[in-house]
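Can you keep this structure in mind? I'll have questions shortly.
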Amino acid sequence: MSQIELMVAGGHEVIMEASPYGIEKKKLGMWIFIVSDACTFGAFLFAYGYMRIGTVAWGTPFGFSSILNGMIMTAVLLSSSLTMLAAVRAAQADDGAAVKKWLGATMLLGAIFAALHLREWFNLISEGWRLFANPTGGPAQFGATFFSVTGLHLTHVITGVIALGFVARGYKQGRYDQSHVETAGLYWHFVDLVWMFVFPLMYLMNAH
Amino acid sequence: MSSNRELTMSSYVGIGVGLMLIVCVEVIFTYQHMAPHTLLFALLCLACLEAYVGVMYLMHVKYERPILFWTIFPATLFVLGFLCYLFPDAFRMLNMRLMK
Amino acid sequence: MAGKVFAVVVVLVTLVTAYCVVTHVWWMPVDISVHGPKIDHQIEETILVAGLLFIAGQIVLASFVFRYGGATGKPKQIPGGAKPLVIFAFVLVGTEVLALSFIGSKAWGAVYFEAPDPSSLRIDVQAGQFAYYFRYSGPDGKFGPLHPELINEGNQNYFGLDPDHDPDAKDDIVTAEIGIPVNKPILLTLHSKDVGHSFYVRELRVQQDFVPGLSIPVHFTAIQTGRYEIVCTQLCGLGHYNMKAYLSVLSQSDFDDWLKKQAAMQ
Amino acid sequence: MAETQVHAAHHAPSQGFIRKYVFSVDHKIIGIQYLTLSMVSAFIGMALSWAMRIHLAYPDFRIPILGWLSPNGAPNGLMTPEYYLSLMTMHGTIMAFFVLTAAPFAGFGNFVLPIQVGAADMAFPRLNMSSFWVTFVGFLLAAATFFIPDGPPLSGWTAYAPLSAVGSVAGPGQGLGQTLWVLSIAMFCVASLMGALNFIVTTLDMRTKGLTLSRLPLSTWAWFIDAWVSLLAFAVLLPCGLLLALDRLGGTSFFIPGGLVFNDQLQPHSGGSPLLFQHLFWFFGHPEVYIIILPAFGIVSHIFPTFIRKPLVGGWKVITFAEIAVGTLSFVVWGHHMFVSGMSPFMAMVFSVPTLFITIPSVIAVLVWVFSLYGANIRFDTPMLYSLGFVSLFITGGIGGFFLAQPSTDSYLHATSFVVGHFHFTMGLSAIFATFAGFYYWYPKIFGRTMNEKLGKLHFWLSFVGVYCVFITLHLTGFAGSVRRYSAFVDDFMIPLMPAQRFMTISALLLGAAQFIFLFNAIWSRFKGPKSSDNPWGATTLEWATTSPPPFDNFGGRQLTVYHGPMEYDDEASVMQTSPEASIAGT
Amino acid sequence: MKTHQRIGATVFALLLIVAGLLRSTPGVRATAMGQVTGTVKLDGPAPHQKPIDMSKDPSCAQTRGGAPASGENVVVGTDGGLANVVVYISQGLNGDIPVASKPVTFEQKGCQYVPHVVAVNPGQHMTILNDDKTMHNIHPDPKPGGGNNAFNKSQLGGGPSLDVTWTAEEIAIPVKCNVHPWMHAFIVVVKGPNGVSGGNGSFKLENVPPGTYTLTAWHETYGTQSQKVTVAEGKPVTADFTFKAK
């Protein structure tokens, strides 16, 4: 389907864009949001990098069990991206039952991710890590950066799970169509991809 | 217009597995006792690769109009790239600190 | 009518401004530092370059408004269109800014990239809400370490020194006013005990912020004796406007006497 | 196949006062809400500047209303230093965020942009509504600081850490006041991000038939570029604000180094960096001044052709590419705010060069405006006078930039009133003048009535002369080293400048008084002004192709087709963008 | 209806009378009050007090008329009397302890606090004056959670006085002026009669009801000392303290 056509109107040749940008507005809106959110996450990670460079004897608190936990979380999040893809494809194929199934699976995986993450948090907190405290006696910046960066990500995951719930309900009720599922999917993949930076930078760089 | 039918579901599963493998490589790198900046460089390269694959395939930018790619990528990379300007001061913080 | 008035007002404003700048109605004080002339020269250079652009811009604006205000008939574009304008901007303004950044970077480099003279007199400066205190190393030439937890201004321990335990701190001389010998390179180490402050001496052409947590070096040589004000230019709280100290540039013998007197007051 | 998207059936007009005028999703109502909010804010901000100016020039003058508003901050109407700084902080915050960012961008952008692209509404009307109401909550939070015991924060609109981060120990107002301020700014960030997203998608996706990017009105172009700049800049201010809030409320030390002693008490923080705050803040802060000025560029470029009766020199391309260049470069120059801040002196050079080079696109824009006047038939209606005033102010303001862009000269002029004069010219008053231009220009479209021309001109002359009297003097005293942000003058070199201070205060009072002419004109004309035709200025863009004020869906269900660029003027003649007639100016 | 109102009014009036009686009890007791006087001495050489350099604010030197200033941590009179010692009753006061009605003045004069140590009752008014030409800020730092609120307020030279009250007992709230960092003082908030030793070390506690008490003396550098005293009606009792120089 050609996007740009030559139209003849009123004696003028007019270049027309059929759909001006060729990208559906919800999708474009989500992409624009992703751009800004990527910058927000970026600034958080840059602040972390700055702290990290500027701190003498940063310390590396994560043992292999934490890394393993992180890998499991990564695997869970990656699988949820795949189930999300399946949901989008089902929506495009107009298969309501499958959409419900796959969105449910995505939400479940998202919740598992959040639960695993919170478990990690509570482990650290019980060891004495706080936003402002380092139980090993080193600089307190690890707690501050770790909790704030992963906290921001966790907020995104939880928001995503809730949003997917709304999308699933709206889709079932016929208020939403496949474009909504696709837009929600973009957000979900984005949250997944942010984790691809958070995991190496916050976990692997802090493994001992 | 746009479509993500260019790939089959099994290819996507393949991509997912591939991404997980990259993560495994990252973990292996972590335990190679490299200098921190070497490790950081390696991890960032791999993470960028993952992000690129994710954006192009999972988020199927590859199958959208190219204009979408040009709408989002340059702006984001521009901001993230120039934020690097703040690192020289991080070294200042390391080297000129008052309290050792 | 409105156009002619506008043109006249713009021209008047331009001329008055130019007059004030050229005749130095309010102006920089005379420079007393070695590096200052470079900065003054750079400011003059910039006034020349920017002032010409300013006058030209306003006059051309005024004259076009004057000439074409309320005109009738077929409007026309400037011959050549936008191309000469863009070329003008790139070539002329581009050259100007290149020249400014080149000469300016030399002036900046002369202040900041040159290593301080190794024979410099080292003075430690601490800023806090809302006063400066200065520290001379005393006869041993060594500064005692700082212990922020010991800072007790009521007890006049402004720096948090511990002379009972640190031998280096014993002979440190802490003063509320900074005295420096004339024509001798000075190296200041600026550090703040609370928020950001700034060290601004107009006559020295020195302005440098204090960054809490960092110690920032500043070096200069004063070439004229006198007493000058040091003021804070970085918003630091309610006493910001009242945060100042005095810089006394003294002859070497006066300086020695002054420092002896200060040492006696410890 | 050309899809005909009919936006008209987008959403039905809401019934009921609340849905129609308060929680309205109609972009026109939201635009008016933004304009009203910023007008209220502008008068608050102006009143604050009056109080400050009076205090500076006549420190013994009592201002009873301040004593009533804050018995603590101004006992018996005499301002304490902390209250001066609080007012200064709120003047900066309110003016920079709630006036200069809100009015020309969110206000006019909301009202005009969807109409100019021929859409029935923004791409996401409900998101648009929440943008405004989140902004409004931010405004309330900022305003609330006036009514808490310690008053508003005193750390300036830049809120440098650690002054802003350690809490009330750093000064009155740094407790609850600063916390409310941070939350207010975070709200504003979120609102601006939503707004920017909406603007971008609307411009890209909602354009009507035939409205290619090359045919976009110049104001839409500017808003579109501006939306990008604010999308990226506010995205960085948000984390900066969040980290500051964490430092204040969560006990972290992102911006607070160790070993800080306030009032002889060691603070329980360690390891942070104040410079990081400055970097993150100015990464937003510098683009912010272009967020403020780019819509002004757009409004003026949009108004110019109407009143010079011919296209701008270079058509849409030169001015638009200048704007894009300015917007892009604005992200790589933020360090020029930090030349003397203890930043690496090498980075000072790195930031200085692009700062100087941003002059080139700015000069191109100015040259386009000035040389478009050549051979023009200039009509001096109030919008045009304000646009010309804008050009003059922008030239003057831009000149100061040369001094502040170079670290060597900046090391003398930094933090003097030269800087204050400079930014009031470039981003403050220039943007305000463009906003006035837009206001007089679009008023007939917004309310269907015309503003009084005589009062408008009087307002212009007083404002124009007043602005020069106040802010040129600030430049000049800056050369003498007059330090900014002082609540009183005790320094020997500041006291001789008192005559200048008094001159500025009197000029500022007159300048402020002139704004009441505008206020009266705006309110009076709303009810008593002569009814306006649909296209009173003989303009060509889509907002003039509909009724004044436009119907709910902007074009009464019509789907317009655009045939021309926005600058089809030739003396008296002009061709509407929607008119299939032959082009007369070749755009 | 009417009866109810009448009963209400009567009860209210009765309550008022009772309350009035209760309130006036201290006044009744005041007729038979005792007095404690004494001197505080420093045993040993007084530590050197550093001179204060006030050159930061030229108006300070102006107001002082050139009089030199020095630290006030230990102020010793000619005969070894130790000034700025707060003497108060730490134990033995029972029941409703009256609050002194006269406000205490706390002045900023020549860029120093006068007095350097001030004692107040909880609830007693404290008038803060600025006699200087320059601005001072009053920045007391009570212990967090101790019941007293920290504040930080500036007072313009010759500006209107500030009125402050403290709610909880607290031995030594440090006060500072950040504009003139050398300025510091202590506010001692204690219940009941109290006195601050003057330049010669003498102090006086007035209006002490008869009884046996623990009398405590507090000095900012040398800490506290206590002794028992018995106060009889209308008779002055003497109690001396001696602090050992470190």
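Letters A, B, C, D and E name the chains as they come in the text, with residue numbers starting at 1 for each one.
FYI, a residue touches a chain if its C-beta (ideal position, glycine included) is under 8 Å from a C-beta of that chain, and two chains touch if they have at least 3 such contacts.
Nothing here was measured: the structure is a model prediction, and the numbers come from that model.
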Just to be sure I understand: going only through chains that touch, what's the smallest number of steps from chain D to chain E?
1
Check every other chain and keep only those touching both chain B and chain C; list them.
D
Shared chain contacts [chain A and chain B, defined touch]
D
Looking at C-alpha means, what's the farthest chain from chain E?
B
If you average the CA atoms of chain A and of chain C, how many Å lie between those two points?
47
Could you put a whole-Å number on the gap between the CA centroids of chain C and chain D?
29
Could you tell me the distance, in whole angstrom, between the mean C-alpha positions of chain A and chain D?
33
Sequence positions of chain C contacting 2 or more other chains:
128-129, 146, 148, 153-154, 213-214, 216, 237-239, 242, 244
In chain E, the residues touching two or more other chains are 57, 134-135, 137, 152, 154, 174, 176, 178
Multi-chain contacts in chain B: which residues touch at least two other chains?
71, 75, 79, 83, 86, 89-93, 97-99
So the complete set of touching chain pairs is A-B, A-D, B-C, B-D, C-D, C-E, D-E
Enumerate the contact residues on chain B facing chain D in the complex.
71, 75, 78-79, 82-83, 85-86, 88-93, 97-99
Of chain D, residues touching chain E in the complex
72, 75-76, 78, 80-82, 168, 171-172, 263-265, 488, 490
Once bound in the complex, which stretches of chain E touch chain C?
50-57, 71, 73, 134-135, 137, 152, 154, 174, 176, 178-184
In the complex of these two chains, what residues of chain C are touching chain D?
1-3, 5-6, 9-10, 13, 16-17, 20-21, 24-29, 38-39, 42-43, 46, 49-51, 53-54, 57-58, 60-61, 64-65, 68-78, 81-82, 85-86, 88-90, 93-94, 97-98, 100-101, 104-105, 107-108, 111-113, 128-129, 146, 148-149, 151-154, 160, 193-196, 198, 200, 202, 205-214, 216, 229, 231, 233-242, 244
In their shared complex, at which residues does chain A touch chain D?
1, 5, 7, 9-12, 14-21, 23-25, 28-29, 32-33, 35-37, 39-40, 43-44, 47, 50-51, 54-55, 130-132, 139-141, 143-144, 148, 152
